[in-house]
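Paired with chain B in one complex and with chain C in the other, chain A is shared by the two complexes that follow.
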Partner chain A sequence: MNVSTMTENHNKGARTRAFDQAPGNAWKAWIPALLVLFAIPLLLAGNPFYIHLAVLICLNIIFVNGLALINRTGQLSFCHAAFMGMGAYAAVICTVRFQTPFLISVSAGVAVSMLAAYLLGAVILRLQGVYFVLVTFCFGELFRLVMLEGGDITGGANGIANIPPARLFGFTFDSKLSFYVLAAACAFLSIVFLIALFKTPKGNSLDAVGDNPDLAEASGISIQGSQTFAFVLGSAFAGFSGALLAHYLGFVSPESFNQHISVAAIIMLVIGGRGSVLGPILGALIMTPLPELFRSAIETQNIMYGITLILVLKFLPMGLVGIGAKLRGKKGQP
Partner chain B sequence: MKKIAIAGLLCLAGTAFAQEELKIGAIVTLSGAGAAWGQAMLYATELAADDVNAKGGLDVGGKKYKVKVVPYDDKYQAGEAVTAANRLVFEDKVKYIIGPVGSAAALAVTPIVDKNKVVMLTLGFTDKALGKDKAFNFRPNLTTMETSQPQINWIVKAKNIKKVGGLFPNDETGQQIAQDLEKAYSKAGAQLNAKEFFERERVDMMPLLTRMMAKGIDAIELDGNAPGTAGLIVKQARELGFKGFIIRSGGPATPEIVNVAGNGAANGMLVNTPINPANTAVKAYSDRYFAKYKKRMNGFSPAFYDGTHMLLQAMSAAGTTTDTDKVRVALENIKDFKGILGTLNWTGAEVYGAAHQISAPFYIARVQDGQEVIEATCSLTECK
Partner chain C sequence: MTTLLKIDGLSKTFGGLAAVRDLSFELKEGEIVGLIGPNGAGKSTAFNMISGSLTPTAGKITFAGEDITGRKPSHVVKHGLARTFQSATVYLKSTVQENIYRGALCHFDIPVWAQLAQTSAYKAARQKIRHEVDKVLEITGLAPYRHEIAGELAYGHQKRIGVAIGLATNPRLLLLDEPAAGLNPEECAEFGRLLKTLRDEHRISLLFVEHHMALVMGTCEKIIVLVQGQKIAQGTAEEIRNSPAVIEAYLGADEDAHA
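Take a look at the complex of A and B:
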């Protein structure tokens, strides 16, 4: 029994691998489709607010992609925002205090996130289910408090302001449009990376661990190894998006990386659809601008937001990706 | 012929009634911890807008402008405030913003408003909210920086206080205020020698209070706490048998504190208040506020009502609503503005590097049976 058949055998309803199930090599059609999607905001260049939202969507795609990667090995991280914050703070401290170039700052941010994820993962990835969720939840809170108490290094609750804009090969990304191009390129690469990863045996082994850890281990796949790999890589994605976000907004503060952000990432993942590469994209695409609809409906906005979430979860438990699977199901295709 | 005449008349009437619209954005906290302050600011702006609209609009350079307030919630988060600011500046194309409430949000929004020359009236308590390089930031409310020193000097001397304990929320407001107060008390000859920080959601203050009282403090400082939390602290301190003074050096919240702690526990509390109960103009404003929103007025509201009126007056004086450089200068040049709080001027050139901080009278009051009784009247230099 090879890994891929095993994966399919253990597909549960909520974990439909819509992408893997896509007939033929549909993903080849995806790349141009994605390129078109990322190009749309360029047509809206006249309105910087839309570009601002588009930048946030791109950064959220990278962020949620990381969470999706961890989730595919069967773990739900509640401290994803903490790794985003680590990347952001590390990059910003490099840029502001040591005047390092943008590329080095971002690399430092990603490296710090990866190192922290590796150390944390070595200890806590043995935990399963709700225990893992609880410990990551506490770690997220710990990170926020450390930043809050960080004194002059982290700027305490006031955070760090006046972060210079991103600069790459002599070009300064100081306008929204130019930064969008950078963010879109990064988001695109992160998607392609995930598509490529899940085409390899390594990617399949991650899915296998997520679907049935016992069986995976019996087949010679290391659970600890696979989960650590996914946790470190997923956290690197988070750190990367954080480093970009900080240089885009020009500002970091601890409450920008609190539990709400971790939960928001989980919501994007669940709404979009777990277990597929398309899920995080859809989730970020829809959930990032959604609060804007309700921003001025002041007193009722949280209620409306909640109702929207409940409706989606009620009718689309597999996330938006589930629509495609449902339609194909009706046509009698697998 | 008759028809044409009527059509012509209608057209004339149309142009006579056509008003330009002047949008004022509001980035305010309307959900969560800071909602009481966010509402106070938003309602102040709306009431000020009602004033000019009732007179047929704001007269700028011979044209009448109808003032419209566009409010967005920032959820007390800097990131949300940045998105709201982007939306106001680029989508709604506003040139004037009231808010944000939080210090972190104010700092995060500043680059956007500066770059796009948007005049901003913020509540943010941080000393970094104003500055020489922040030409478009103004603050129409007093902060601890302005009020703490004269007031603490007076209280320490009049009530013979030596040791003070303070409980502060562990966020930017709390950290900033603790730092300011520590300096102010030591300058006044007393000591803030028991400091406790806690998370904003905390409701059980007994362990913190017990620890503080063990240090033999004469007074408890409540500045920086949300109104409801301050009430809890007062109640629990009195329950623990604390006999000393309870001081609130800033952040108007007496009705809420009395509500939570009860008349007995709150008696004798010394509070900073921007409002003299004898001031009939504020009383009238407070009644109007309650009539329209069915909520009791928060003490920050009059400052933003006056602030919005100053902003509108600056536009009239500058004769433009679009050239914000001119409006900004006109706003800076307003002197002895007769607001409902009293005579208002800009100050802060020495402290912040830009005279964009309001200077308003304020008072020290003693709480008696739920009411504030004025004990001293203060200016930014001394209390009498």
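Take a look at the complex of A and C:
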């Protein structure tokens, strides 16, 4: 995979219109469209497999949203799954060992991911491009090995099983359908949060750092500050999705959060489209069902991923979101 | 006039190479100062140290009474010392007004949660920024292009946007790195007028590195000549033109004089 192309072109075409647009206009189109999208699986409620896929798509949307946020400031994290794992393990250990309520466990998971991202970011965010990618790759592997050697605390290679289902305000999310409602609500909120964030000056300054770090730094927007903010917040998204996933599946193991998951997140982001809020949604929507549908072809699956990624980078550097922009661009030029 | 920028014994070595050696000068409030010298004289190195992109090996930089030596650019610019880049450096994919808006975010210190919650303090601050952007668009003459994508404009306009981003940070001193490079004579003259306006009407002091002699001689009240990392002369345009050391550095030693 051509990593340097990805980090250099991170958000080509991210034409943010935060300043031009009167605030509040795009909302009217976005919110109903999203609500319709999230309501579709409810029509398929009879088939548990579809609901299962829908839950995974929602969790992946949250997960990839976090990665997209980090990527908007020009960094590509290869250890996104490690932060997902941290959130999952921390939440599960709270739930199973200390019997804390679901809400507290999830908060603890998110807090652990954020703290780890802050500490790691303080050290490695001065690295740029491929060097940052390499160090995050190593960190992801380190996390997996630590979980593997974690003894009684992490359950080693066996992981932790029999995690009780999520419980909120006296309601237990023990069926696939009920958990879908929870996951969809969380995914929806994460999308709305990102739309809102990238409308604010803070979001605009994050984009500025991604577009041209030297210029941003010279005009008063700290590169380190912006990237730390995005890395911590993006990792919080990962930790949150991990905590939800663990309580949904009822099981965690080090292999649930290995490098393949980090790579899968990057593939979803690239195929969906970087630099747009729609990208992670499209990426998760298309790439999540594929491995489930082609379980029999598990060996060739990674080859297919690689080929798809190369083709997308070559012909659609903006991802699927770029198709719409391309069509609009062609229409605009007579 | 009070001293705005004071450079004291500034030096930078890269390995064994001394790019800048013991450079000292002062810039007073309201002055336009030019830094000239042949290629490789250390102009850009000095420039990058002042703006914070490079940390000096030795020496001290004082701006508006505060020691800013080794501070990051994002810190320095908040104190009122902004810079532009040698090549046209803009946010290529954003509109002209968005480019300037991003510069104006320099002094925007409303916390994120307040921005998301759309508090009244945030709305007021945002309104203030919009006014600042409009003002900078007017000063730089970019108002007709405000909705154009910066990357699709001519090079001369992009250079102007670079200056506009610097202006949007509301500086007391603007550092310009070769503002005339790549401009045609007409654009260059226009640029010179813009620089004069900035000083005369908006009370912004200027320090610039430049190769374009006509622009330097016509605009600067004080010129500093660097050769091989050292200051060899300082004075008005007239003094520099007649300085034997400068003539020697630029044209070579007059052999007859030593005969």
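The criterion applied here is as follows: the second predicted complex is superposed on the first by the 285 of 334 C-alpha atoms of A that agree within 3 Å, B and C clash if a C-alpha of one lies under 4 Å from a C-alpha of the other, contacts with A are read in each partner's own complex, and residues count from 1 in each chain.
Quick note on the criterion: a residue touches a chain if its C-beta (ideal position, glycine included) is under 8 Å from a C-beta of that chain, and two chains touch if they have at least 3 such contacts.
Worth saying up front: this structure is predicted, and the values here are computed from it rather than measured.
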First, second, both or neither for A:G156, with chain B first and chain C second: first
Touching partner for A:A39 - first (chain B), second (chain C), both, neither: neither
First, second, both or neither for A:K202, with chain B first and chain C second: second
Partner chain(s) touched by A:L119 [first = chain B, second = chain C, both, neither]: neither
Touching partner for A:L327 - first (chain B), second (chain C), both, neither: neither
Touching partner for A:L313 - first (chain B), second (chain C), both, neither: neither
For the chain A and chain C complex, residues of the former touching the latter: 12-16, 18-20, 23, 193, 196-197, 200-202, 204-205, 208, 211-212, 214-223, 225, 229
Of all residues in chain B, those that touch chain A in their complex: 30-31, 70-73, 76-79, 82-84, 86-87, 89-91, 103-104, 107-108, 110-111, 126, 128, 170-176
Residues of chain A defined as touching chain B within the complex: 47-50, 52-53, 56, 145, 148, 156-159, 161-162, 249-251, 253, 255-256, 260, 292, 295-296, 298-299, 301-302
In the complex with chain A, residue positions of chain C that touch it: 51, 53, 72-75, 77-78, 82-83, 85, 89-95, 97-98, 101-103, 105-108, 110, 112, 115-116, 118, 126, 129, 133, 147, 149, 165-166, 168-169
